[in-house]
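After the C-alpha cells below, expect a handful of questions from me.
The chains carry the letters A, B, C and D, assigned in the order they are written, with residues numbered from 1 in each.
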Amino acid sequence: MSLDLRAGEIHAILGENGAGKSTLVKILSGVVAPDHGEIRLNGERFAPASILGARSRGISTGFQEISLVPNLSVAENLLLPRLGKGSAGLNSRRRTWDAAGELLARFDVTDIDLSRPVRTLSLAEKQRIEIVRALSHARNVLVLDEPSASLADTRWLFEQVRKQARAGVGVLYISHRLSEVRSLCSRGTVLRNGRSIDTVDLGGVSDDEIFQMMVGRSPDTAFPERHPSSISAQPLVDLRGVDAGQIQDASLKIHSGEILGVAALEGQGQRDLFHAIAGLTPVERGEIRIVGEPAHLTSRRAAMKTGPGIAFVPEERKVEGIFSGLRTAGNIAISTMAGCSRFGFVNHAIEQASVAKSAEQVELQPRYLGFRISELSGGNQQKAVIARALQSQARILVLFDPTRGVDVGTKQAVYKVVREFADHGGAVLIYSSELPELVHLCDRCSVVYGGQITEEFTGAEITEQALIAGVVGHRGDQPAVAEAG
Amino acid sequence: MTSQEDRHSEPAASQGFEAGGDTRGRNRIEAETVTVGVIYLIAFLLILGSRVISPAFGSLNQAMTILELASFLVVVAFGQGLVILVRGLDLSVASMITLGGVLTTMWIGADGNALLLIPLVLAVCFAAGLVSGMGVTFLGVPPFIMTLSSGIIIYSLCLGYTKGSPKGASPELLTDFMSGELLGIPTVVVFLVLFAVGATLFQGWTVYGRQLHAVGNNPVAARFAGLRVRTLTASAYGVSALCAGFVGMMLVGYAQGATLRMGDDYLLPSIAAVVIGGSSILGGKGNFAGTVGGAILLTTLTTIISAIGLAQGWKTIIEGVIILLALLLLREELFTAVQRLVGRQNT
Amino acid sequence: MAYGSKTSALSRLAGNGAAIIALVYVVLFSIYAVSEPTALSLFSITNLVNNFVPLALAAAGQTLIVLLAGFDLSVAGVISLTNVVLAVTPLEGPLGALAGLAIALAIGGVAGSINGLLVAYLRIQSIAATLGTMIVLKGVALLILSAPGGWISDWIVYELTDVAFGLVPISGLILLAVAGVWLALKRTDFGAAIYAVGEDETSASLSGINTRLTKFKSYCLAGMFYGLAGYMLSAQTATGNPNAGEPFLLLCFASVAIGGTSFSGGRGGMIGSIIGAATLLLMQKVLFSTGVSSFYTGMFQGAVMIAAVVFAAAMLRVSIRKGAA
Amino acid sequence: QDDEKFQIYLSLSYSGNSWQSEAANIVKALAKTPPYDELVELTEVISGTDPQAQISDYQSMIAAGADGIVSFPISSNALNRVIHQGCEQGVLFFMYDATVTEDCAYNVSYITSGFGENSAQYLVNELDGEGKIFLSRGVPGNSVDQRHTDGAMHIFDQYPGIEVVAEYYSYWDDRTTQQETAKALAAHPDVDGIWAQAGEHGAIKALLESGREDLVPVTGENSNGFRLALADPELQARGLSGVSAGSPPAQSGYAFKLMMEMLLGKRELETHDIQYPLPWVPADQVKLCEGDTFENGCNAFPSGKVPDSFVTEVFNPTLLPELSIPSALEGEPTPGAEIQPLPAEVVPAPNEPGINCRRCDPPANHYELTKVEPTVEPGE
C-alpha cells in the first residue's frame, strides 16, 4: 500500500467496505503498527506509537466509529487528555469551557452546549464534535474517516475541510459518497483488499471508472424502478396525532407496496418518530394503527410480534446495532433464533442457510459470517445489521439511515432489496441523511422539522431542492423562516 | 445478480488480502479452544507434578477424589457463569446453597418423599433467585447490592427458621447419589461429566444461551433486536439459585446434614472458576467448558497444596502464585503472540 | 433549548449520587437519634466515626478501581498485612506513628503496583489477578503472625481515635483530608482519565489517554488507600490479626455500590462510597436501637440496602423529570 | 423497659452452627428459669463475623445501660478498647469459650485446660508412639487453634515415630473437615491416626467414604455423631478408637450464672480468668442417655434424638443442674427447675499469652498432662 499526500491537498481514499481504509487511518494515527514499510512526514521517518505521538507530529484523526467518551462533557472530550488548568494547577471547569468554547467558535459550531455529556448527543452531534476535535489538532495532516456518514447537512464540514487545506494542511478524506468526494477532493487513491490500486486525478476519471477500480467490475447505478400501481389503498401503518418524545401530533400512513421517506436535518424528532413505530419510544398521545387495528407498541418485542411485524434498523450501529462479541452470523440471526432451532438448540444448518440468504442480499461476503463482527469493517457491520432486519418475516420495515457507511456498490443492492420488499406487499419507512437517496428511492417523502411533520411530497414532487427547502423549515406555501435547526 | 456473482467469484483479488494471514474466523475458535485446553493441561500437569509431594498422588484414585470435590464447585459455577454472562454477579449463591441444604434436611429429612420434595425445594430456590433477578431488572438495583442483600435476607430467614441449627438428616436418595458408584466410577463423577457436557451445550448452543450472550454483550442492542432483555436477565439469576440449591442438596448428601454456613466456601471460588475459565467478568463472553476447567484447576490446586508440609502462610502464598501463573499462561495475548510467531516462521 | 436544561440537570445529578446516599444517611441517623437518646453525645459520635473510618478508607480506594470497571479483591490482603506488620513493629511516639504510616502506605503501594502490573500491562482480568494477590498477601500476613497478637504503639492507638479540640474525632479529620485529596484528584487530568477509561477504554485511548498508565496508577493509589485503612484499623483494634482484612472484602464493595458508583465503570465517586460505608455501619446501630429480633437482623439489613438504592434511583428519576420540565 | 430488672445482653458472633446456638440457648433458658425470670431482661444480639460490628454492638449496649454482657467474642483483642470503656462505666463483661485479652473482662473458658496436649497424648498412646497422622485444625490465624495445636505439637514432637503427614484447616466445621480429610486421604491413604479439632465427625465420615476397610484412631471434640461412632462396636472392630474432648457449650451457662451471682452481690471473683473443666470421654466411656438430661454419668444421646452435629457437652450436673435437652435445643427452661447456687470455688485459669492476657508469660507447667498418662516413653 503506498500513497503520497501533498500539503494543502484534499485527498480522497476510496474503496469498498473492508478495503482497508480505516486500517490505513489507524496506522497513520498510531493505533495500529504496520507490519512492513514506512511512513515519511515532510521527508522524515514517522512511526507513531500512539495517538499522542501522531498528534505531536501534527497528524490528527476523526474516526469512523466515534471515539468520544460518553460520560464526559463536550468540553472535556474536546480537550482530552489535558483539560484547562486553573490557578492551583487543578483542572478548572471554566478554563476547560473557555478553551473548548474557543475551539467550537473557531470551527463555527454554535448549537452544541459544552456542558452536555456526550452520551446525550445525537449521532450527528457526536460526529461534529469528533470532527472539531480532529480539526483542532491538525497541523500537518488531517485524516477524516467517513466524517459525513451521519451528517444530513455537509456544508459546514466542507467549509472547515477547505479552510484547513487552504492553511496548508494535507487532508485525507474518506467517504462513500462519490459526489461529495468530487466536490471536495482533487486527487483520490483507490484501495482494494488492502492494496492501493492507483492514485488518480478525480477530474479526469468518471464515476464508473472509479467504481471499476474499487471493486473490479462495472457499477450498477440505476435506482430500482417504482411501481406506483402496486401501492394498496389500505394503510399498513397509520399514525393518528401521535405525540412521542420530541414528536408532536404526527400523522402519517404507510401503505403496503410503498416506500415512505423521511427527510430532516439532525435532531428534528425523526428519531422518536421511528422509535415510536419500532416500539422503543412510548406513545403519549394519539394512536398507531397497524392494518387498521389500534396497536400497543409498548416494547420492541411487541412491535415485532404485532400482526404484520415491524423490523427495524437502528441509527447507532455501535451502541444499538451490533453485538461485538458475537459472530456475524449470530448477529444476523439473533432476532429470529426461534426459527433456526430444533428443540431449543440452534440448528446450524438452518441458521447458516437463512443467514446466507440475507447476507447475500446486502452483498456481505459469506466468509465474513464466521468472523466476530467486531473484526469487520464499519460498512460490513452495517450490512449485517440491515441483514438482520431483512431476516425477520416482518412486512413493515423501519430503516433509520440504513446505508450509512455502506459502499457505493452495496447501496444499490440495498435499494434493490428495499424496493423488492415493497413490491412484495411490504411497507417501508426510511430516513436518510443522504437526500439523493430519498429522492430516487421513495414513493412519497415526508419532511420532519421541529418535531412535526411539516410537508409531504409524492412521486415527481420529490426533488432535492424541495427537500432541502423543507428540512430547513422553508415551506413551499409559507415565507422563508430564517434559522436552520 | 450477475454483478454480485462477479464479486464473489473473484479469487485473485481477494486472495491477496486473505493470504496475508486473514484467517481470523478460524483462528478465533482455536484461541478459545486452546484456552480451555490449556486449563485442563495445567490441572493435569499439577496432578502429575504432585507426585513429588506424595507417591499416592497422580493416581486414578486421587483424580476421582478431586472430581468428586470439584463437582460442587462446577455446579455453582454454572449458575454464577450465567449471571456473569448477563453482566451481573451473584453474591447470593452461598445463601442459596444453604437454603437448598436446609430445606432438604428440614422438609425431606431421612424419610420424606424425596422424589416429590426435591423438585419442590429446587423450585423454591429458583423462585428466590428469580426475585433477585427481578430486583435487578425491574427495580434497577445493581446486581452486586441486590444479590448481596438477597443473600443476607435468605440467610437470615434460614437462621430464623432453623433457630440456628438445622435439624433433620439427608434423604437416602442423596446419600446414595453422593457415595454410590456406577460401573466402578463414583456416581457424582458420572454426573459431573454429564452435567459439564449438557451445560456447555446449554450455554453455547441453545437459543436461550445465545440470547444470554447477546444480552450480556450489548443490552441496548438486545432490546433493539427485540429480545426479552429483562426476562432473560432475571431468569439467569433463577437458574443460578437453582444450581446453588442443588449444590446444597449434594452437600447434604455428602456430609449427611446441613449447616447454615455450608455455602460460604463456594462464593469466591465460583466467581474465580468462571473468570479463570476465560469468561469476561464484564459479561457477554463465556464458555462453560472453560469454567469446568477452572473449577477443576482450583480444586486440584487446593488438594495438592493441603498435602504440602509447609507453614500455612507458605501454602497460601504458593496457592496465590500458582493462580497468578495460570492466569498469565491463559492470556489470549499469549496465544496471539505465539500464533504470530509460528506464522512468521512458516512463511 | 429544552434538551439542554434536561442534560444540565442530569449532569448535576450525576455527581450527586453522593447527595442522595447522604440523604439516606440523614434519614437513618434521625431514626437512630430518636430511638437512642445518647446518640448525639460526643462519645457516641466519636465511636461512630472511629468505627466506620477504616471501611470508608477501604471503600474509597475500591472506588478508584470500580470506576475503572474493575474489582480489587486485594483490599482484604493489604489490610491484614498492614495490620500484622504494624503489630510486630511497634514504633512509639508521633515519629513512630509517622513511620508506621509510611510502612502502611508502602505496603499498599507495592501491592497496588503488582495489581497494576498484572491488570494494566499483562491484561489479566482484575477480579482474577487481585484474587491471586489477595491470597498471596494473606499468606504473607500469616507468615508474619500465625495467630492474633502483637501490639500497636500507644500513640497511634490513643491519639488517632481521640477527639481533637474537644470537638472533632481525629479519625474523622483524616477522612476529611482523604475526601479533600479525592476532590483535588478529580480535578486533575488523571482524575478525568479514570472516568474516561472506565466508561470506554477504546474511546479514551483514541482520545489520547494513556489507558494503561491510568490503570496502573489507580491500582497503586487504591492500594495506598487500603494501607491507610489498615493503619486506621490498627489504631482501632490495637493489636494484630492475620485475618483482620477479611470482613472488609464484601463490605467495601457494598459501600461503593450503595454510594452510587456503577460497577460498569465511569460513574460515581469516592464521597458516595465514604457515606455508603458510614451508612452500613450506622445500620448496625439503627438495628440495635430499634430492637429488631436478632435472628432476623439480616432481613432488615438486606431490605434497607435495597430500599436505599431504589430510593436513590427514584430520586434521580424524579429530579431528571423536574429538570426536564 | 423495666428498671427493676438487670439489663443483660447476650452477644454472639454468628448463630450458624449447633455449638453457637446451643450456647446461646443455654443462656436464654437460664434467664427464663426462676428466680432469674423475674430479675433479668435478656437481649440477644447477633453481630456476625465482623469484629467492627461487635464493637459497634458493645458500644450500643453500653450506651443503652447494660448491667452485664455475656458474649462469645469474635476477636481476642480487637474488642479490648470498647470493653475497657464499658468496664469504666461499670458494665460486667463475661466471655465464654473464646476469650479476650482485656484485663477487666472475665473469661470463662476451657481453652487453658489442655485439650491439645491431652488428646495428642491419647493418640500417641493409641498408636504406640509410631505412625503417620493428620492434623485437622480450626481457623488459620486464630489464637485458639494456635493454642490447641501448640499443645498437641508439644507432645507429638517428643515422639520421633510420629510423623505429621498432612495438616489442614477445617474451620471447625463437619463438612469442611470431611472435604479436607478426603483430600488428605487421597495423598496419604496410609495414614495411622487423625488428631482433629471440632468438626471431627467429618473426619470419620471421610474415612468411611474413602471405601477403606480398616479405620484408624481419631481424637476430636464433642459432637454426638462422633461419640456415637466411637461407641459403635462395628466401627471399633474395624479399628476406630479415640477420645472426645474439647469445647463445651455449657461454658456460656456457667459464665452467665457467675455474672448473675456477682450482680446479685453473692460473689466476689479474685481472678478474671476462670477455667472450665475439660470434658474427657474415651471410646470405652461413651454412655447413652435415656432421657432428656445427663443421668448417672451418661454423655451422649441416641441418634435420632438430636442431630449428629449436636454438641453433647451442654450439661454439667454440678454447675448447671437446671438444664435439659429442650434448654439446649430450644432455649426453653426445664419445667420445675430453679437456679441453684454455684459452688463457691472457681478454678483460676493459668496465663495464656494472646488468649487471656496481653503481655504475660505462660506458667512453668504449661502443657502439663491432666487427663492421660503417657503409655509410651517419649523418644529423644
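Note that in this section a contact is a pair of C-beta atoms (placed from the backbone, for glycine too) under 8 Å apart; a residue touches a chain by one contact, two chains touch by 3 or more.
The model shown is predicted, which means the values in this text are computed figures rather than measured ones.
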Among the chain pairs here, which one is joined by the most contacts? B-C
Centroid-based (C-alpha) most distant chain relative to chain C: A
Inter-centroid spacing, chain C versus chain A (mean Cα positions, whole Å): 43
Any idea how many Å lie between the Cα centroids of chain A and chain D? 73
Could you work out how far the Cα centre of chain A sits from that of chain B, in whole Å? 40
CA centre of chain B versus CA centre of chain D: separation in Å? 37
Can you tell me which residues of chain A touch two or more of the remaining chains? none
Chain B, residues touching no fewer than two other chains: 159, 163-164, 312, 316
Quick check: what residues of chain C touch more than one other chain, meaning two or more? 141-142, 146, 295, 297
Every touching chain pair, please? A-B, A-C, B-C, B-D, C-D
Residue numbers of chain B touching chain D in their complex, please. 50, 53-54, 56-57, 59, 61-62, 65-66, 68-69, 159, 163-169, 179, 251, 254-257, 259-262, 265, 302-304, 306-307, 309, 312, 316
Tell me, which parts of chain C touch chain B in their complex? 69, 71, 73, 118, 122-129, 131-144, 146, 250, 253-254, 257-258, 262-264, 293, 295-299, 301-303, 305-306, 309-310, 313
Would you tell me which residues of chain B are touching chain A in their complex? 3-4, 6-8, 10, 13-14, 16-18, 20, 24-26, 28, 201, 205-208, 210-211, 213-214, 217-218, 220-228, 284-285
In the complex with chain A, residue positions of chain C that touch it: 1, 3-4, 6-8, 10-11, 14, 184, 187-189, 191-193, 195-196, 199-200, 202-210, 266-267
Chain C-touching residues of chain A, taken from the complex the two chains share: 31, 50-52, 55, 63, 66-73, 76-77, 80-83, 86, 90-92, 113, 115-117, 120, 133
